[in-house]
Every structure is written in structure tokens, then in C-alpha cells.
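Take a look at the structures below.
Across the two complexes that follow, subunit A remains constant while its partner is subunit B and subsequently subunit C.
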Partner chain A sequence: MFPKPIQSASPGAQIAYKTLLPISLILWLLPLIAVAVFSIKPDTDFTQGNYWGAPGSFEFVNNYGQVFFNSDMPRYMLNSVLITVPTMFGAVALSAMAGFALGIYKFKSNLLIFFMFVAGNFVPFQILMVPVRDLTLDMGLYNTKTGLVLFHIAFQTGFCTLFMRNFIRQLPFPLIEAARVEGVAEWRIFWYVVLPLMKPALAALAVLIFTFIWNDYFWAVVLTQGPESQPVTAGITSFNAQFRAAYHLMSAGSIVAALPPVLMFFLMQKHFIAGLTLGAVK
Partner chain B sequence: MAIASNTDTPTNRGWYKRNEIAITPWLFLAPAILFFAVYVIIPIFQSINISFYDWDGLGEARWVGLDNYVELMDDGAFEVSLWNNLKWLLFYLLAIPAGLFIALFLNQTVAGIRIYKSLFFFPFVLSQVVVGLVFSWFYLPNEGLLSGILGWVGLGPVNVLGDPTLATYGIIAAGLWPQTAYCMILYLTGLNAVDPEQVEAARLDGAKGWKMLWYVIIPQLKPATFIAFVVTIIGALRSFDLISIMTNGGPFGQTRVLSFYMFEKALSEYGFRMGYGAAIAVVLFLIMLFFIAYFLWSMWKEDTDR
Partner chain C sequence: MRSMLKATVASLTLAAVSAGGAFAGSHALSGDLKIFLDTSNPAPRATMEAMIADFAEMHPDLNIETTVIDREAYKTQIRNFLTADSPDVATWYAANRMRPYVEAGLFEDVSDLWAEEDIANNLASTKGAMTIDGKQWGVPYTYYQWGIYYRKDIFAELGLSEPTTWEEEKANCAAIVASGRACYTIGSKFLWTAGGWFDYLNLRTNGFDYHMDMAAGNVAWTDDGVRQTFANWKELIDMGGFVANHQNYSWQEALPFMVNGEAASYLMGNFAVAPLREAGLTDDQLDFYQFPAINPDVALAEDAPTDTFHIPANAANKEAAREFLRFVVSANVQTEINNGANLGQLPVNAGSAVDDDKFLNEGFEMLSSNSPGGVAQFFDRDFPAEMAAEAMQGFQEFMVFPDNLDDILNRLEKVRARVYK
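Moving on, here comes the complex of A and B:
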């Protein structure tokens, strides 16, 4: 193990390490802690210039109540869910199939198609912006959740296919050959042999896509406007305009907006990290 | 295997059955290819095409050849954006050594270390919009925590985001926060897989500290470094959210990058110049293409080595 386990260091060093850990964590998360404190402060704290002192009073219920009952926030949150969840299923389904095709079968253009997905996934969004916006307008899907979902599914398929294909490559191939010898139809091999083995990959991708799409801002601004269809990342900026300089409400709003992916991360941590670090180890 | 019972013996071996192995992959690929072609591949070429036109997005598009690109050459705002993109590329890469440093710091087995690791990773899960808001409050000229801390050590307050020379660095620093967390998790996973026997052997040979890190550990972390490099470069060139939230390109347009400037030209109150915007996007794409080619080449080498 590197660096050397701290247990083999002097007792002084061990104590130093154990005190340094929480201190460094607090420094690392300082901006976030500040926002959390902001979100429970009363309005008067800010008008009186008490930004960083102790809260004048504890206004948790009040501030978060404002966010939930007195703003468009719940609507934006619902929009985000309605955009994120279908995208998650769509992208995972498409890429599981594509990954199966590219991972199992040997055909001439296999690597070429694979690299097309990989390369497309690295492309800067801006080169897609004008045509995708036009296409969405032409289909009558501008400012709808469907328009956003369709694009997200397509774009995420690039990354997901890369992931799925590499995962399927690591499965034991003799298993598939055995099924073929038994005369199992190819689509049954996919459904009954490969898919059950891919559960960890499916879970990892689902949580990753959830986080990526929930946090998307650029496409939300390009393809939607207004509270009927905008997700929470775009909504928070109009929230910003509504409560200009109301730091306590802005903070509460930001925390609410950030919560779903945070919960997802802490609940599905193993899958999340497995997904993000795929390929980091040979 | 359980599935064996599901099989039906084909009595009539039709055309599909005979060509099953050749056709199946294409059936499985069709939906993904269709979506990807319509929304990603074709739009790239459409954008390149639009960049040769003068078009407001509604009326008739007028062919202007290379005029948009010629105009870019003399556009001061474009030049600023290009330089800022370079700054982003260069300084965003600091996330890699910073992530490695934190990973080394946390790669211990003391009580509660798993919670520490998750909490250090936490910023990555936040949306860039939230990160942008959080940091813009952190940087507030008088009330901000940064000015508070600086005042505490006897330095005057700074208005990071209001200062044309500092603002871009301020935004990059905000971007480094989640990016460092990402690199950290990559390295933690990498460190987990470092071969303990090699480390022990090197220890017996008297290697330790920096030498050990440089000659034994970092070479073994190569796959993690590669991914960290890929995601950091892409992240740097995609930077848009933070700029839009924190400064909206200001002060005096000094924090624009290509992706932001393109959006501004094509889709904001500054006018709907689709052709000009597309030309900016093409330039950004060409920069990216250079990296994409390198990434694909590395992956291809990897794939054929196996």
C-alpha cells in the first residue's frame, strides 16, 4: 500500500493525521457549509450585514417552506424528474443493445462504429446547438420535455455504449458460445444470458445518467424556456431573479435543487463510483 | 443452463435463421445508430455547413463562403475567448495533481475514512449551476467569505469576479473544485489496485517518498491518469455553465470562452447570428478534434494490444 499505512508511523504522526482529516474536510467543503448556514438564516441577518456570524434566528422551516410553497421550485423539480427518468431508461436500453452488438459480434465496421460513438461523446455541445435546436423546432418539440429527453437519450448513448461495450467484453465469451451451440436464438442470448450479467453496469450507468442529466444546464437553456418545461438547473436562475439578493432563499433553493443527485450518490455510491472509474484500473 | 429449455428447434431454416449471426448486431445497433446519427453526427456536418452562411435562424440563409471566418480573425471578443480557453485548458489540468494529492492523503485505513472519501468527492455530484452560485457568494466583494478570510490575515477585500484580469481565474478555481474531486476518486480507485508486491520490493530496494511515488506508483496509475486527462480536457473545453452563472461573460466580456461566445452570438439578446455562431463552434470543434484524435488513437492502441 502506498503511502505507508499511518498505523506504522509514530503516535505523534497518527494524532496529527487524525486531526488534519476533519480540518481539511471542513476547508474543502467550506463554500458548501456556508450555503447551508445561509439557508437557515433570517432575512434580517443579511440586511444587517451579519453574513458570516451565527444565525440571528433559526429559520429552517420558514426558508424551505418559502421555496416549496411560494415559488416555482416544485414545478421545476417535477420537470427535472420527468426529463431525467425517461432519459435514464432510454439511454440505458439503447446502449445495452448497442454495447451487446459491438461487444459480442465480430464484423468489419465494428471498431469504426464503436469509435463513432466514442468520438461523438467527446464533441463540444456547441457544434450541435444550432442544428439540434432547429430540428427540435421543426418537430414541434421546442420547449417540451420530450424534445429535451430525445436529445439527451441520443447524446448519452455515446458514453453509455462505450461503457456497455467494454463491460460486455469482459464477460466470459464461452458462455455465449455454449448457448449458441444449444441453438438459442441470438436475441434470447441477449435477454437471458447477457442482460442478467450486466446488472452492475446497468445500475452504474443509471445513476451516472441520472446525475448528468439532472445537472444539465446548457441544453435546458437552449431547448426550453419557462416553468412549463424547464428543469431545476435552469429554474434556479429565474429563482435567482425572483429573489434577487435574498441569499437565504437562494441558498435554500440551491440545496433543494442539488439534493436528488446527492441522495442518489450516497444511496448508490458503490455503483456510482464503479461507473465513474471504469477503465481507471486495468 | 436454465435457458436450454427455452430453445425451440428450428424446423424451417429461413433466410433470417441462416444469417442470424450477421444480421443480429445490426438490428441491435439500429436504434442507437439512428438516434446518434440524427442528433449528433449529422448536426456536426450541418453546423459546418451553416458556418458558410449568413443566417438569422428564421429568414433566408445567404451563402457568404469564408466571410464568417474572415470576420473572426478581426474579432477582439473572439481573441479574448480563445485565450481564455487556453487558460482553462492549462489551469484546469491542475485538477489532476491536486486530485492525486488528496487521494494519497486519504489512502489510509483509519476509522471513518470511507465517509471522508465520500464527502471529499461530494462537490462532483453538485450541478455546475449550484457550484457557480456557491462560489459567486464566496467571492462577494465585501460580504464574501473570501474577502472575510483575506481581511482576517490583513489583506484588503478583492472583487474577484468584478476584476477583468482575475475573473477568469476565479471561475476556473470554482471549476477545479468538482473536477479535483473527480480526479481524486479516479486515483483512489487506481491506488487500490497498485500491486503491493512491487511496492514492497521497491521498499526493500530502499525506495521511498517521492522516488517511490514517481518511479513505482505513478507508472502503475497510468490508466487513471489517462481518464483524468480525458475528462479534464473535455471539461475545460465545455466550460459554459459556470461562466454563464458567475459572470455571464463579463466584466467587459473578459471571461468569455468559445462555447459561451458562440451561445451569445447565436442565441441571446445580442442577436441571432447562427452562421457566425456556427463558425465559432467549428473552431472549438477543431481544437477538440485534435484531442479526440489523440484519445481514439490511444484507445485503439490499447484495444489492438489485447
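Moving on, here comes the complex of A and C:
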């Protein structure tokens, strides 16, 4: 069996493993631990150079209170939800339909269209920055949540369609043929036969897209400005002030902003891992 | 017939509106007024919002919409919103920092406001900084002094006093270094702090006019005057005057050295006072002195970065925007927004009062009576952006590797040739 189970290694190796694992884990997590500790420190700790010591005073309530009640953070969080959830539904719905068409029907340009979806994934999205910004501007969608949602849907659909098409390909085709023999309309086949079978893929994809979009920073900065439309990832920088960076508030804000995707991960862990591996192995 | 009637009504309204404009504030403004602010700090933000609320109260028919954008994000977004989704009023900075937008035709010419008696008389000190091509492109609302903030208790312990000459400055520094401390804390990671040092050393060595000539691209970086500035700087570096590894710290991360007594002073803007006080330094421990004279033949000149309001060229409601600018620069408003509870900075209007704060008073005194050479904005505001970026990189390199000076100056000279074509 590979890798060899640690239980069957030599005692020396076992001891080394058991001591090194926690150490490397802590090293690995150090930045996150630092953010968590910073988020309960007072501002003066940073001016006094107390970065790694114990907090000068325990400011959990104060810092998080500031984040929730004395900043635009709740608004940014709401924006994030209003951007992420429609994108999730939109991208999954579109790609389920596109995947169905590409996976089930045989037509001439099927492969060509499919490859275009795949090819879209290979375009580094940064090079689209200026054209997309101009496009949203011309369409009057600049600095709106709708603009961001539409763009995310368009861009995520490529990856999602690849995923969905491959999943649908693996479904037993005789099921669909049987339904056709019964005279079931095509859209009913999609709705009543294929869609229920796709539930694991839908769930996995929804979870993946949720975390992708929630964590997006690039487009949030390019296409939106200000608390009326920016999601939380871009909003955290609003704790940076003219002269000073409020490290304690930024840390608290980051933790609050990271909670939804982390929660999503733990609640939907099974789907998340399925989403990353689905289609990877036949 | 009908269209004629319409036209008459329209022209009458127009006449009424423009007549109203002559009696500032006496008529009702209406429509929307979109204001973009970069004052994202909690205190400045509250100050601005309160000020705007006062303005709104004076003009109940005006629908004011305020957007506050994070200071750093604002610097990148301004290009965007001036061309695209233009507000009616926007904050920005004076001097060369507004030049790109002035030259791109994105800021409105507000020379008409500067021709008004109130503004012409009371804001004269900053008129130069607001002028490009003989026209004014915005109005200032606040500025603050730069200078050396120092630990009075450490100076007392070593028996030192505030220096006024370069010899005294160096003698003080030698004594501080001998006591195992650094003379100056600095965090040059983001470069601009080194720009402050260059400003002062160059202003004191070669004078304001030379410095501004340099900013305009008329002086070679390899000039003997510039070399003398760097030679003076090198004296401080060679005696170990600056904290070690400063290239790894932001200006904020350099504060602990001062708070913990590992460094005795800090060449910084007045905004350093607030965090130093919060960190526990009392006014008995913390004091301020003007950067000492180096070359006795040149007049003292200071850095005092000025923050400004502008009207974007694409603004929809320029009439209301002009009225807002008048309001912002009025003596009472300037007194109010710059007091210690609000911005904690210096008002620009000569008719305003300065808050009763030790550092603000010293700064006001210094800028109004002991800066005969002139008032500069700051290195990265006076020099064009491209030149400033390269030069500040060079200053940082010089502070870490002083022996690279020739390389650095030759490189900057090449950049100068390219930037000021």
C-alpha cells in the first residue's frame, strides 16, 4: 500500500513524524494565527511594537463591535451575498443546460462549441480587465452589482459547462433513450430524468462557485467602487485610512469575511471534495 | 409658438440661475450633488460628513450623495470615475499630483472662484500650489506641517537641546548614537518617508528655488548641488543615525522604535502625533523642532502637503459644486474641520483660528512666520509621478548602500531625460 501507513514505520520515524507534524502545522498556519490574534489586540499594541506578544488588552468585543456597528462591513457582506448567490444560481443553471445539450445531442459543431467553452478557461482573465471595464461602462453596468454578477456568470459558465458536460456524459445513456421511446418531451427529460441524477454535481459546483466568487478580489476592484456595490473582499481595505492602517480592524474584518466560505466548506465538505475530483477519475 | 414659449421660459430660468450665482448662497440650489471623498479615516470621515450635513441644511432642496472611498483605493479609482461616472466634487492633492488630470482636461478650471475677493485674500498662501498654466484647478481645505518630532525626555537625559544648525544636529546625533540609540527612526519600505528626508536636506542645502527647479526638470541629478545634499545625508548615515533595516518597515512600523526609546526622533508629518500619543507618550516626552538650517545662505522652506477639493470637468451640477467649494474654504468651516477633534490639522484660510494644540500651534507658527523660502508640497507631489517613483527608490537604495550613489544619480539622470521630454 502506498503511502506506507505511519503505524508500520520504525519507532524513530514515528516519533519524528509526531513531533514534526504539529510544528510544521503551526508554521504553516502562522499567518492565520497572527490574523486571529491581531483581531483581538488594541491599536496601541502596533504602535508599541508588540506584534507577537500577548495582547496589551483584550479587545475582542471592541474590535468586532467596530467592524459590525461602526463600519460599512455589514453592507459589504450583504453585497457579497447579493453578488455570490445569483452568480451561483446563474452559472449552475446555464451550465447545466449547456452541459445537457453538449453531452446528449450529437450535432456537427458540438465538439467545436465544447472546445470553445474549454478554451475560455485558458484565457488569463487579467488580460480582459480593460475591455471588460469598458464594456460594463458602455452598458451602464459599471459600479453595479448586476454588472459584477453578469460578468461572473459569463466567466464561470465556461468551467462549469466543462464540468457538467463531462458529468452528463457519464450518465447511462439508455435512461434517456428509454424516456424518448416513451415519448417524453426533451425538456421533460432534462427536468425529470437528467437533473435529479445531476444533484451531486450541482451541489459540488454550487459550493465551488460560491467560494470562488466570494473570494474574488480582482473583479470586485476593477468593476465596482464604494460601499454601494463592492463585496467584502474589496471592502476590507476601507479600514486603511489616510495615514494609518488599522491592522486590528482589518484582521477582525478579514476573519468575518472569511467565515461564510469556511462555514460553507465545513457544512458541504463532502460536495466540495467531490467537486474538485469529480470528472478527474473515470 | 409653443417651442418659442419654451425657449423663453428656459432663457428666463437660465438668467435667474446665473443672476443667483452672483449672490452666493442667497438662492436655493437644487438637483443632485455627488461628492466623492477619500477621507476614510473614522475621524476625518465624520468631520466631512458633519460638514456636508451643514451644507445640506443650508440648501434643503439639494440632494447630496456622499461616497467615501478608501484613501489608497481612491488613488487608483480616480482615473476611472473622472472619465466614467463623474461626481460633482472630488477630493485630491495640490501641485504636480493634480497635473495629469488637469492636462487630461478632467478637472474644471475654477479661476473664477479664486478671483472672488474672499478667496483671493485668504487663501493666497496656497494659490501657487493650486495653479497650473496660470489657472487654478481646485481649492485647499487642509494642510499639515512636517518636521522633527523628538523624545524630549531622551534629549533631557543626554543634556541636549533643540538644534538650529547642522553642526548642532550632528553633535546631538553623535551623543544619541553614543548612548546606544538611533537618532532617527524611519520606515522606508514604501519609499515616501525617504522622500521627506531628501526634501528637507535639499531645501536646506540648496534652497526652495533650486528644489522646485529640480522638480520642474531643469537641474541634473548629477549636479554638484544635488551631490552636496547627498553628502550631507551620508554624514548622518555613516554615523549610524538611522535605525537598522528600515527598508523593511512601513512608517507605522517604525513608530515603536520611538515609543520604546530605541530612537530619539522622527522626521515626519504631524499625523505621527496621534499614534505616538495613543501609544502612551505624553506631551512632556514628545516635542517638535523645525529641521535645522544647513546652508546659512538659503532661506528656510518647509513641506506642507495640502489636500484639496476639485470639480471634475464632467460634473453634472457645477453650480452647486462651486457653492460647495466656497463653503469649504470659508474661514469658519476651515476652523471647524481642522480642529483637534476633527482633522487635527492646519486650516488654510488665513482668517481661521488654529486649535489649541501644542504641535498645531508650533506648526502654524513655523509655516506662517518661519518659512520665508516657500512652502513645498512633498517630494511625490512636487515631482512628476514617474520621476518621483524612480527617485524614491534611489533614496532608499542610497540609505542602505550609500556607496552606490554614483550609480543611483546616473540612473536618475537618465530617467530625468526621459520624463521631462
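Throughout what follows, the second predicted complex is superposed on the first by the 270 of 282 C-alpha atoms of A that agree within 3 Å, B and C clash if a C-alpha of one lies under 4 Å from a C-alpha of the other, contacts with A are read in each partner's own complex, and residues count from 1 in each chain.
The working rule: a contact is a pair of C-beta atoms (placed from the backbone, for glycine too) under 8 Å apart; a residue touches a chain by one contact, two chains touch by 3 or more.
None of the values given here were measured: they were computed from a predicted structure.
Engineer: Could you say whether A:210 touches subunit B, subunit C, both of them, or neither, answering first, second, both or neither?
Structural biologist: neither
Engineer: For A:143 in the superposed arrangement: first (subunit B), second (subunit C), both or neither?
Structural biologist: Second partner only, subunit C.
Engineer: Between subunit B (first) and subunit C (second), which, if any, makes contact with A:47: first, second, both or neither?
Structural biologist: So A:47 only meets subunit C here.
Engineer: According to the stated criteria, A:115 is in contact with first (subunit B), second (subunit C), both, or neither; which is it?
Structural biologist: first
Engineer: For A:237, using the defined touch cut-off, is the partner it touches subunit B, subunit C, both, or neither? Pick first, second, both or neither.
Structural biologist: Both subunit B and subunit C are touched by A:237.
Engineer: Which partner does A:225 contact after superposing on A: first (subunit B), second (subunit C), both, neither?
Structural biologist: second
Engineer: On the superposed three-chain arrangement, identify whether subunit B or subunit C touches more subunit A residues.
Structural biologist: Between subunit B and subunit C, the winner on subunit A residue contacts is B.
Engineer: So in the superposed three-chain picture, is A:64 touching just subunit B, just subunit C, both, or none of them (first/second/both/neither)?
Structural biologist: In the superposition, A:64 contacts neither subunit B nor subunit C.
Engineer: Residues on subunit A in contact with subunit B in one complex and with subunit C in the other?
Structural biologist: On subunit A, the overlap between the subunit B and subunit C contacts is residues 49, 133, 221, 237, 240.
Engineer: Can you list the subunit C residues touching subunit A in their complex?
Structural biologist: 38-42, 44, 67-73, 77, 80-81, 84-85, 250, 252-253, 255-257, 259-260, 269, 271, 275-276, 278-280
Engineer: So in the complex, which bits of subunit B are touching subunit A?
Structural biologist: For subunit B paired with subunit A, touching residues are 1-4, 6-7, 9-10, 20-22, 24-26, 28-29, 31-33, 35-36, 38-44, 46-47, 50, 57, 104-105, 107-110, 113, 116, 118-123, 125-130, 133-135, 137-138, 143-145, 148, 177, 182, 185-187, 189-194, 196, 199, 212-213, 216-217, 223-224, 226-227, 230, 234, 237-238, 240-241, 244-245, 258-259, 262-263, 266-267, 274, 277-278, 280-282, 284-285, 288, 291-292, 295-296, 299-300, 303.
Engineer: Report the residues of subunit A in contact with subunit C in the complex, numbered from low to high.
Structural biologist: 43-44, 46-50, 70, 133, 137, 142-143, 221, 225-228, 234, 237-245
Engineer: Given the complex with subunit B, which residues does subunit A contribute to the contact?
Structural biologist: It is residues 1-3, 5-7, 17-18, 21, 24-25, 28-32, 34-35, 38, 49, 51-52, 94-95, 97-98, 100-102, 104-105, 107, 110-111, 113, 115-120, 122-135, 150-151, 153-155, 157-158, 161, 178-179, 182-188, 190, 192-193, 211, 214-215, 217-218, 221-222, 233, 236-237, 240, 247, 250, 254, 257-258, 261-262, 264-266, 269, 273, 276-277, 279-282 of subunit A that touch subunit B.
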